[in-house]
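Presented sequentially are two complexes of chain A, the first with chain B as partner and the second with chain C.
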Partner chain A sequence: MSVPPGISERVFSQAIGQFERAVGREWVFTSDEDVALYSDAYTPLWNEAEAKTASAAVAPASAEEVQAVMRVANEHGIPMYPISTGRNLGYGGSAPVLSGSVVLDLKRMNRILEVDERNAYALVEPGVSYFDLYRHIQDNGLKLWIDCPDPGWGSVIGNALDHGAGFTANPYRDHFDAHCGMEIVLANGDLVRLGMGALPNAKTWQQYKYGYGPYLDGIFSQSNFGVVTKMGFWLMPEPEAYLEGTVNVPGHDDVIPLIDIMSYLMNSAIQNAGTMLSSPVRFAAAQDPQLRTMLTRADDEAKQALNRFAAERGIPFWSNILKFYGPEEVIKAQWAYAQRRLGKIPGAQFVDGPTYRFPLTPEQIATVRDEGDFGIPTLSIFSIGARSAFNPTPTTGHLWFSPVIPMSGEAVIESQRVLAGVLQELGRDTSIAVFPQSYHQRTFVILVGFPVLHDVDANRQVRDVFRRLIDVAGEHGWGEYRTHTAFMDDCARVYSYNDHALLRLQETLKDAIDPKGILSAGRYGIWPRQLRRNRA
Partner chain B sequence: MRKSILLSMLALAALPVIAQDSARVQRGNEVFQYWCAPCHAPGPRHPGTQALDALYQGAKPGVLEDRNDLVPEITATFVRTGVSIMPPFRKTEISDDDLAALAAYLAP
Partner chain C sequence: MTNRRQFLQISMTATAWPFASSAVRAAAQIPATEPLALYKVIYDRRFGASVAFAERAAALGLGVHAIEGDMTRFWYDELYHEWKKGPVAIAGLTAHGAMFCFEQLARDQSMRVVFRAEHKFGAAGVEHALTGPLTMLRDGLALNDRGAEWAACMADVVAHCPQGRAEISHAAAASATVARDAQVDAESLYSWVIAPAVKA
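Now for the complex of A and B:
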């Protein structure tokens, strides 16, 4: 049995015995075979000494058991690493940032405590997956939708705490923004309910976000200040209909008015859903060795060459799907209005997509472009990297480099040029830099994917490129919205305004809320006092 | 007559075992539908089926439920070690009992 750093075998054995009394012996895992299941399945540190490993795992079944476990951990100073379903593959999975931590596995806390159709909300525990919540709603015939990310087996709570996002209507697709009410177990085992939940007889815990006094919910996301044991979420009432359409524009610089108009439509709640900007011509040009270099340039010669390529091939330079949820007569009017606004761009063309009414039949579900648009969880995203007829050499995982950039055409052009330039400079495939870009509220999140392999040298090269991208993006004012545990210090480091004032404030909070520094050391770059030397 | 009485008695004695096996296979089916089917069900949009179709090129079915060579040890190994982009499953997800049931369900 391995032991956590700084903890003697005698103390650890004593703590393990106390954990067993708290949760039952069968739910404390200490054998090498069982603990290995908590490794990061997609680790970019495969077969290297720095690979993240746990010393043990404890799996409580209730908030009361979490309290009991945390009291033991706090008494002995045992580093703990809570996971909800542990399925945020590509972001570290179930492995702790600090090797040797005990994983606090909350998967057994899988109760859906309440789903209220009249006020459209749910209250769940951290082990509840998107599949679980979806099936519960379907089995009970409730006219509610969830909003789920790719893939659907992640935790509803865990994804929200990591600032994950989905694909349906805007008020629901930012999952942390759509939450209402939290219950937290602190490092010392104290149980706190935030917002209206602080009222002993609360009647509006899942209806009113703020409660009374400072709004603290945010400090428990992307952090290590507490163990979230319950969380409420607002859900979308099943809409009457869905409609989608596509706008294509022909020229390089058309992206500027295109995004200005999209921004207006989104901020006016006319285009009311998550969507993607893509560039068919940039993707095609990236496959052409002659044109690939043009993607890293912003001069007129490069623009004209790409415009000629687009015109000759008859490929739109930019393409954007618009999605609408609501009563059919309303969403048809929204699409018509969007076309009127977007039609001011010379050469803009529109393609009507399908219209659906709900509920969908199984036959319709099998043929929709993306089940995520309808809040239906799947695992189909794993076709990226899996063996297939088109991919004879499967990967063993992936990483996402995901900076946030402004919602403007100028920012799209600049970020594509800069990031593709880094990839080209380091001899990587630049086509991955032109991945479709996801609209968030007033921003885009770029997703640049990297394969992870059982190949130490290849993974080292990927890590070097990833770190270079973090630094270059940071120099341009673009920071990551989320990252893999291997890069948490690197991403935190670029948020350095006023000599890292934000990180210093986070450390002040850490020292006050978790004075022994036992919870999730190093998560999102926040280290407890005794381990700050680990910080890059 | 005596033989038929003897056979009836043997059958009655075996009933609890058969019922136990049937319950285990039923539980294995539930585990499969919950944990495995999202990737390994028939048809498109199931990356596990797509990967096995590409691997076996028709020599074996890509759909796990159509296989007749999945001895329990194979199922247990893949569930606990994973392969390619399929991660291993923890005991809080698929317990040892559920894994035995799943293996029984998929066994030839």
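Now for the complex of A and C:
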């Protein structure tokens, strides 16, 4: 059995015994075989001394047991690392930021406490996965949708706390934005309900977000200030219908008016979901050795070459799928209006996509472009990792570099030029690596995927490139929305306005709310006083 | 090497070779135990080897279930409910993604991958890297003789996964295949068995 840093074997054994009394002996894991399961399946630190490992794991079944565990940990100063289901692959999984921490595994807390169809909300525990909530709704014939990420096996609470996103309509697709009400166990074991939940016998905990006084929910996301043991979420009433359409525009610079109009449509709630921007010509050109180099440039010669390539082959430079949810007559009118606005771009062409009425039949579900658009969780993403021309070496995992950029065509072009330039400078493939995703309202997230391998040197190179991208993006005002645990300090470091005033505030909060610094040390770059590193 | 390539490489680590090699040979002395009951054997219709594996598994009297890459429906509609009743063992010959998903989901039922073999395709045939109970590694040596029939051979191997806790080791083998059967640069496939964890 390994021991947390700074804790003696005697004290740790004593704490383990108390954990066993709190949750039952069978729910405390100390054998190497069991603890190894709390590793990061996608670690970029494979076979390196820095690889993140736990010392033990404790799996409580209720908020009361979490309280008991935290009181023991607080008494002995044991570093704890809460996970919900530990399936945020690509972001660290269930492995603690501080090696040697005890994983507080909340998977057994998997009760769906309430789903209210009339007011369209759910109250769940952290071990509830998207599949669990979807199954509950289906089994009970409720006319409600969930919004799930891809893949859908993660925790509803865990994904929201990490600012994850899905693919249906606003505001449900921004999972933290869609939450309403939290219950927290603090480091000292105290139990707190936020918002209207602070009112005994509250009647609107899952309906009114703010409660009375300061709105504290945000400090418990992407942080290490407490253990979230319940959380409410607004759910989307099943819409009558769904319609999608595609707009294609022919030229490189058409992305500027395209996104301007898309922003208007989204900000006006005419298009009530995320946009799905792609560049068919960039994808096609990536397969042409001569044109590949043009993709890393933003000069006129490159633009013209790519425009010619697109025109000669009749391939749109940019393509955007618009998704509409609602009554059929309404969404048809919204699509018609969107075409009228987007038709002002010279050469714009439109393609009607499918229209669905709900509920979908199993046959329809089997043929939809993406189940996520309909709030249907799936694991199908794991079946598309096969070897291909773009993926000559199937990997053991991946990382996402994911800075937030403005929702404008200029920002898309600029970010592609800058980030592709860094990748090119460091000898990485740039052809299809840099692309904007519409995860949250009013911004794009640029996703740059990196493979992780069972190859120490290759992983070190990836980490070097990743850190360089963080710095360069930061210099351009683009910060990460979320990152792998291996880069949490690096990403926090670039949020440096006024000599890191934000981090100083976070540390002040940390010291006040968790004075012994036992919760998730280092998560999102927030370290307890005793482990705080000197900042530049 | 161009026809039937027959050798055994014990590949746990270079220094562990002599130990592991003798350990696998010594497995011949291990008395046969009742094989693990398999709820279903999963195969992927996209791969000929996987289909051959399933045909042999069915011939052995095992229940088989087809997927096409994505294992979601099988798990959601069927296995989830079985696992709610109790931890039943499953096996398969699939791509890595499906195995990975089953492995992760099985952990929530206190189940583990107890046998795993990677089948890597190359110009000379298929290389197999096996990890599991010694008796299964011993049975896996037959892969060296079976050429293109290696996948059917794997069905025999997983069908005889022993119950209970077994010493786990590593071994490697290779099956030569004629040129038309070779799938150079094809995606590696994996044979696997997932069973209830048995504490030491």
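Definition applied: the second predicted complex is superposed on the first by the 519 of 536 C-alpha atoms of A that agree within 3 Å, B and C clash if a C-alpha of one lies under 4 Å from a C-alpha of the other, contacts with A are read in each partner's own complex, and residues count from 1 in each chain.
Here is the rule we use: a residue touches a chain if its C-beta (ideal position, glycine included) is under 8 Å from a C-beta of that chain, and two chains touch if they have at least 3 such contacts.
What you see is a predicted model, and the numbers here were worked out from it, not measured in a lab.
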item	value
Combined model on chain A: chain C and chain B, fit or clash	clash
Chain B versus chain C as contact partner of A:A59, first or second or both or neither	first
Partner chain in contact with A:S31 - chain B first, chain C second, else both or neither	second
Touching partner for A:D105 - first (chain B), second (chain C), both, neither	first
Chain B versus chain C as contact partner of A:Y42, first or second or both or neither	first
First (chain B), second (chain C), both or neither touched by A:R173	neither
First (chain B), second (chain C), both or neither touched by A:F131	both
Between chain B and chain C, more extensive residue contact with chain A	B
First (chain B), second (chain C), both or neither touched by A:F382	both
Touching partner for A:W153 - first (chain B), second (chain C), both, neither	both
Region of chain C that runs into chain B when the structures are aligned on their shared chain, from 4-12, 22-30, 112-120 or 166-174	112-120
Chain B and chain C footprints on chain A, overlapping residues	33, 37, 41, 87, 107, 131, 153, 378-380, 382-383, 385-387, 394
Touch list for chain A against partner chain B, complex	27, 29, 33-34, 36-39, 41-42, 57, 59, 85-87, 89, 93-94, 105, 107-108, 127, 131, 152-153, 366, 371, 378-380, 382-383, 385-389, 391-392, 394-398
Chain A residues within the chain C interface of the complex	31, 33, 37, 41, 87, 107, 131, 135, 153, 378-380, 382-387, 394
Residue ranges of chain B touching chain A (in the complex, touch as defined)	34, 38-39, 43-48, 50-51, 53-55, 80, 82, 84-93
For the chain C and chain A complex, residues of the former touching the latter	68-72, 75-76, 80, 95-98, 100-101, 104-105, 107-108, 185-188, 199-200
